[in-house]
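Could you have a look at this structure, given as C-alpha cells, before my questions?
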Amino acid sequence: MTGNIIGERFVVVSFGESHGRCVGAVVDGCPPGIPLTEEDVQVELDRRRPGQSLVTTTRSEEDRVEILSGVFNGYTTGAPILMLVWNKDVDSRPYELLRNKPRPGHADYPAQVKYRGFNDYRGGGRFSGRITAGYVMAGAVAKKLLAKLGIEVLAYSLEIAGIRARAMTVEQIRNNRYANEVRCPDFEAAEEMKKAVLAARKQGDSVGGIVECVVLNMPVGVGEPVFSSLDSDIARAVLSIPAVKGVEFGRGFEAARLRGSENNDPYTVEDGKITTETNNSGGILGGLSTGAPLVLRVAFKPASSIAKPQKTVDITTKTPAEIIVPGRHDPTVVPRAVPVVESVVAFVLADHVLRSGLLQ
Amino acid sequence: MTGNIIGERFVVVSFGESHGRCVGAVVDGCPPGIPLTEEDVQVELDRRRPGQSLVTTTRSEEDRVEILSGVFNGYTTGAPILMLVWNKDVDSRPYELLRNKPRPGHADYPAQVKYRGFNDYRGGGRFSGRITAGYVMAGAVAKKLLAKLGIEVLAYSLEIAGIRARAMTVEQIRNNRYANEVRCPDFEAAEEMKKAVLAARKQGDSVGGIVECVVLNMPVGVGEPVFSSLDSDIARAVLSIPAVKGVEFGRGFEAARLRGSENNDPYTVEDGKITTETNNSGGILGGLSTGAPLVLRVAFKPASSIAKPQKTVDITTKTPAEIIVPGRHDPTVVPRAVPVVESVVAFVLADHVLRSGLLQ
Amino acid sequence: MTGNIIGERFVVVSFGESHGRCVGAVVDGCPPGIPLTEEDVQVELDRRRPGQSLVTTTRSEEDRVEILSGVFNGYTTGAPILMLVWNKDVDSRPYELLRNKPRPGHADYPAQVKYRGFNDYRGGGRFSGRITAGYVMAGAVAKKLLAKLGIEVLAYSLEIAGIRARAMTVEQIRNNRYANEVRCPDFEAAEEMKKAVLAARKQGDSVGGIVECVVLNMPVGVGEPVFSSLDSDIARAVLSIPAVKGVEFGRGFEAARLRGSENNDPYTVEDGKITTETNNSGGILGGLSTGAPLVLRVAFKPASSIAKPQKTVDITTKTPAEIIVPGRHDPTVVPRAVPVVESVVAFVLADHVLRSGLLQ
Amino acid sequence: MTGNIIGERFVVVSFGESHGRCVGAVVDGCPPGIPLTEEDVQVELDRRRPGQSLVTTTRSEEDRVEILSGVFNGYTTGAPILMLVWNKDVDSRPYELLRNKPRPGHADYPAQVKYRGFNDYRGGGRFSGRITAGYVMAGAVAKKLLAKLGIEVLAYSLEIAGIRARAMTVEQIRNNRYANEVRCPDFEAAEEMKKAVLAARKQGDSVGGIVECVVLNMPVGVGEPVFSSLDSDIARAVLSIPAVKGVEFGRGFEAARLRGSENNDPYTVEDGKITTETNNSGGILGGLSTGAPLVLRVAFKPASSIAKPQKTVDITTKTPAEIIVPGRHDPTVVPRAVPVVESVVAFVLADHVLRSGLLQ
C-alpha cells in the first residue's frame, strides 16, 4: 500500500496540499448505519482551526467541511466517505523566493530530492500541518463509531515549553481541555504555558510540548500482535503527525529506570471485574488492550517556522544563504495538535475495533 | 493484512511459539541475487542467544537456523525465504500451574480473553521474547540487502538501570557494542550496568533500559509520507518488540523543551554535499530521510518475569492469589534486545529502500 | 484493505454514488513528473459518456472532470491525485417505488442485506455503472505512465449479441475502435451489432457481448507470482466492472480443448529478439509477461435494466410482485465498457510496472 | 503486499520450490478454537497427490503434512499456522540440460528474465504445480472454518479433452467427484475422458479441461465491492493456479449471447425465503453473494510438459534448438486440479466470511 493510506478495516486516505484546491480524506470501511452529519465533523474540525487566539497563527480559515459521498439520509451507507474543505486565504508568492533555500527543520530539502522537484512546495504542500484537517475529518467519523462501544478518546496539552500540567482527573480533562487556548485542563499551568508561548512569539521563536491522550472504556484484548499490536499501530499513526518526534505508552521512557517489581501492575478484582491496581502499562500488554485506560504521550518539537533569520544553503549554487521564513505561523503547534492526536488515535482504534469483530 | 505480517515490498511473516516446534520467519519480496547463507543469519542470531552470561538467562539454546526455501546456490532467488530454528530444552510443566493466574506485566490475561482460552500459553506462546529470533532472521536478510547501498545499522545499550553511556563515536559503537555482556560501547558504564543487573537479579528483580540505534549512509528522501513516513514505519516495527514502551527520534522528548531556533538544524555544505550542522532531527524531516544519520532510542521496561512473589487473581474464581513466576529469566532484556532493534530497523529500511526504487 | 481500494504501488481509491454529489477516484503512488491535465482525463472520460447515440442511454451527462490535488504546474507531484465529476441530471424519485422490490439481475437485494438498508439505493448507488467513470479517470493517469515505456492498451467490442468481429490487425483496432457507436473496428460486424442492439431496444430488452483487450510493447517478466501474477491481478480488476461474468487470456476456454502440442507456443528468434511463433498464451506464462502482446477477453452479460415487466418479490411482505424498471437505460453496456476495460487493465499494468521497478 | 501472500483477514503465504527442501503455506488470521489436525489436512492433500493412476504422473510422492505452529491441543490458537511437506524423490539433473532452452508453454523464459537467472529452475521451481500443495493445506484450514457456517465447496471435472459431463445433482457431485481417476461424477463421461487422456499420453501429448466449482449454503451479502467483490477475489485466486487460462461465473461467456430478459433471475419466495427461480448469475450480483449456490468454471490449458520434441531457442546463442522435456508428467492436470480449485475458493471465502463479520 502507498503512503497516504492507513488502516485495514477502517481505512483513511489522506489527500490535498496546503495551497492546492482542497484538503481532506476518504474513509473506506466505515460500517453502514452510523449517524453522521457535516456538523459532527465540523465540531472537531473547528478545534484545530487556526486564528482562534494569539497563541496560534492569525491566519483565518473558515474550513467548512463537505461530505461528498458515503452518507445518505444522515447515516453512513457502508460506501467510501469523501470529505474535504476548500482552501482559501492563500498567498503563495513568498514560497517562490524560498524554492532553492530549504527551510531548516522543514521537509523542503528531502522532499525536493524525493519528488525530483515536482512537489507542490507552496505552503509546504503535503508537508504542511494543514493536511491534518483531513486526519480530523476521519477522526470525527471514527469517534462516532467508537461511541457505539462507549469508547472515549481524550487528549490535552500535558506540557508546553517545559511547563507541565499537574495530574488531572478524567473529569477535569474531559471538561476543561478545550476551555483555554493552550488546551490544558490545569488552568494554572495553562496560564504559564500561554505566557511562555507569547514570549517565544515575541522573540520570533517557537516552543514545543507534549500531548497526553487517554482512552476510556477500552474492551480487553484489542490489538493484533505482533506487528499490528495496538501500540505499534498507534505509534505509526501518531508519528504521521507533522512535528512529532516521540511517543510513549504508560510509564514510557520512565519505565526504563524502574524495577520489574515496581513496574508490573498487580491484578485485583473490583466490582467483580478483573483489573490492575496500577496502570504503569498504559493499558497495553503484549500489544493487547488490558481494559485499563490507554495512556500515551506524544512529543512535539518546536514549530520549525520561526521569524528569526536562519542559516541555510542555496541548493542550486551550493553556497551559504540566510532566510527569513515568510507567512504567519504558529509559535507552537501543540494546542492545535490536541484534536489531531485524538483523531489519529480514534481512527486506529476504530480500525482495531472492526478487526476484532467488536463492531461490524 | 493480519498482525503477523509487516512490510510492503520486503515483507516479514513471523511465526512460531515459545514452546511449540519452532520459531522463525518468512521473508517475501527480497530481490534475487543477494548472497545469503545460513551462516550469515546464524551470526546475527547468536547475538540474541540467551545463556551467554550471568546478565541474561542461563537457559541454553542452540538455535541453529535452517533456510528452507528461497535460496539457491548461495543466492536469494526472489522467492519467499523460509527460515526457522527448532525449539529444544523446553519444560512446559510450570506453565500449567499459572494458567488461571495471569502474571503481572505479561500478556497472559488479555491474551486469554482475545484468543478465548485457545492460545498456547506455554512459555508465553506468541508473546514470548523468543519470537524475536524470527525478527533477527529477517533482519539478517535485510542487512545483506542494505549492504548493497552501504547502509549500516548499529544499535547498542545506551542506558540500563538508569546508568547511561557517555556519547560515543560511530567507530566506538561499531567496534565495541558487542564486546561486553551488556552491549554497551562505553566500557566504564558497561561495568556499572552489569553490577546493577546482577544486583537486581540477586534480589529476584529486573531492570529496564534504553537502546539507541544509529543508521549510517542513508540516502536522502527515503520514506512514504504521510502514513508510511520513515519514522512511522520504524516506530510501528520497534513497538512490535516485546517490552518496548516508547520510541523517539533525534532529540525526541527533549525537543519538546527546546526553542525552534535551537532545534532547527541549519543547512550547510560539506565537501560539496548539502548537510546540516547539527542533527537534532535524527535524520528525518517530514517523514523523509535527510541524509544525516538516523538516530532513534527505544525504551524497554524491566523484564516482567521476576522471582519475587507477586499479587494476581485467579481468573476462574475471581479471588486474590499470589504467584512466583517459574523458569529461568533474564534480569534485563536490554542486551539481548540490541540485535533485535537492529533487525527491525533493518527490515523496515530494506522495505523502504525497495519502495523508493533505490534497489530492485 | 477495504473493497474500494486496489493496487500496491499505483493505488486506485473509488468513491461516489450514482445519484450522490459526485463520482471519482483518488490515485496514490503515481510518480512525480508525469505530465497530466484535466483534458488528458476528459478525453478518456468522454469515451464512456452516455448519450452519444441510440445504442446507449439517451441520458445526457456532461461529466467535466476536475483534478483537485496531486497535480501542480501540469505535472504529477507524487502526492495523491483526487479527481471527480459532479453529478447532474438526476431524477431519484422512481427509485423510491422500487425500494422494496429488488430488480432482477441487479445487486439491490444482496446490497440491502449487506448494508442493512442503509445503502444509497438511488440509481443503484455504488452498484451503478456510473462509478466506472472513476475507473476511467484512474486509467487515464495510468496510460500516461505506461506511455513512458511505450506500453499501449487497446480494447474494442469483439462480439455483441452473438455477432463477432473478424480478426483485425493492431492498426485496424487502434484506428477504428472508436470510429463507430458500437466500438468495433470491423465495420461490417459493427453494422450488424448496431442492428441487433436496436432490435433489442425496440423490444424493451438488452444484449451482452465480449470486449477484447490487447496490450502492446509489454516488457518481459512483469507480474508477481503466485497470487499477484499478472493474470490474477488483471482478472480481479476486470471482474470489478459491473456486468462482467468471465475473463480469459490467450486462447482461454478454447485452450481447454487443445492438445499441449497445439497450445504450446514454440520459441523463435526474430530480429535478434526471442519471441514465440504463436501467442496462444496471450502473452502470459506462469503469471509473467512473455513480451508477446497481452490478449484477454471479457464477457459482459446483457444489461439488467430492461423495459419489459419482470417478476420479483416485495421483500417486506415476501409476496410476488411485478416491476417495470424506470429510467433511460443502455440496451447494451458493451460499447461504453470498452474504455472501462482499457482503464482497469491500464491501472493494473501501471501498478505492476512500478512494482517491477521498470519506472519510478 | 508481495506476490506470495493473499487475503486480508484469512491470509495465505505460499512458499517452497519443486526441488527445494519443502513446499507449504503459512495461514495467518485463522480464528482460535477451530479443531484442526494434521490428518484433516492430509485428507485434502492426498486428493492432489500424484501417482494415483495412469491418468496422472507416475511420480510417487508421500507428502506427509506437518503442522509446525499455530495449533495447540487440537485447536487453532489464533497464531500463524505453518504447514509444510518435505520434498523427496527428486532428480534435478535433467533440468541442467534445459537451463538455456526454455520449455514452450512454461514460465522458464520470463522467469529467467525477471529473476535475472537466480531463480531455482529445478523442476520449475516456484512455477511448478507442486506448490499448489501449499494451497491445499491452506484450503483444508479454510474448509474447517467454513464448516462452522455450513458452507460447502465442491469442485469436479466438468470437461476433459472436450468431453463434457452431463448436468449432475449436488448429491451426485458430492458423492462421486472423487470416485474415479478423472474426478468426474458423470461416470460415463468419466470413462470417455479417461480414454482421451490415455490416448494423448500414448502420443506423448496432453489435454486440457474445465473444472466446475459449486458452493452451497452461502450467506447473502458476502463480498466487498468494488475491487474485492466476491467474483474479483475468487478470479484472482483461481488465476494463481498454474495452467488456468480463464474463469467464468454463472452462465459466464454464454451470458454474452443472451437477452436481459433471459439472463435476469426472477425473484421468488420459497419456504418463506427470498430466492431466485434460476441461477444464471452463479450466485453473485454486484460482487455480492445472493444466497444461491456460487457456480464458477475454470479453464485449464493442456499440460505444457509433453514428451514430443518441441521447437525452442538457445537463449545464450539465440539459435534454434529442439528439446524433449524430461521427467514423468501429467498428461492432464485437470483431475489433480479439482482439490486445488476447491482449496483456493475455500480460502477466498474464509477470508470474506471473516471480513463480513459472520465468524470471528
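Think of it as A, B, C and D in the order they're written, each chain with its own count starting at 1.
The working rule: contacts are C-beta pairs under 8 Å (C-beta built on N, C-alpha and C of every residue); 3 or more make two chains touch, one makes a residue touch a chain.
Remember, it's a predicted structure, so these values are computed and weren't measured experimentally.
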Contacts common to chain A and chain B (chain labels): C, D
Far-end chain from chain D, centres as C-alpha averages: A
Separation of chain A from chain D, taking each centre as the mean of its C-alpha atoms, in whole Å: 46
Computed distance of Cα centres, chain D from chain B, in Å: 39
Set of chain A residues in contact with two or more other chains: 1-5, 8-9, 14, 114-115, 126, 356
Chain C-touching residues of chain A, taken from the complex the two chains share: 1-5, 7-9, 11, 13-17, 20-24, 26, 28-29, 32-33, 68-70, 72, 75-80, 82, 84, 114-120, 125-126
Sites on chain B touched by chain A in the complex: 1-6, 8, 12, 14, 102, 104-107, 109-111, 113-115, 126-127, 131, 159, 161-162, 200, 205-210, 220-229, 231-233, 235-240, 242, 244-253, 255-269, 272, 274, 276-277, 280-282, 285-291, 299-306, 308, 310-313, 315, 318-320, 356
Touch list for chain C against partner chain B, complex: 1, 8-9, 355-357, 360
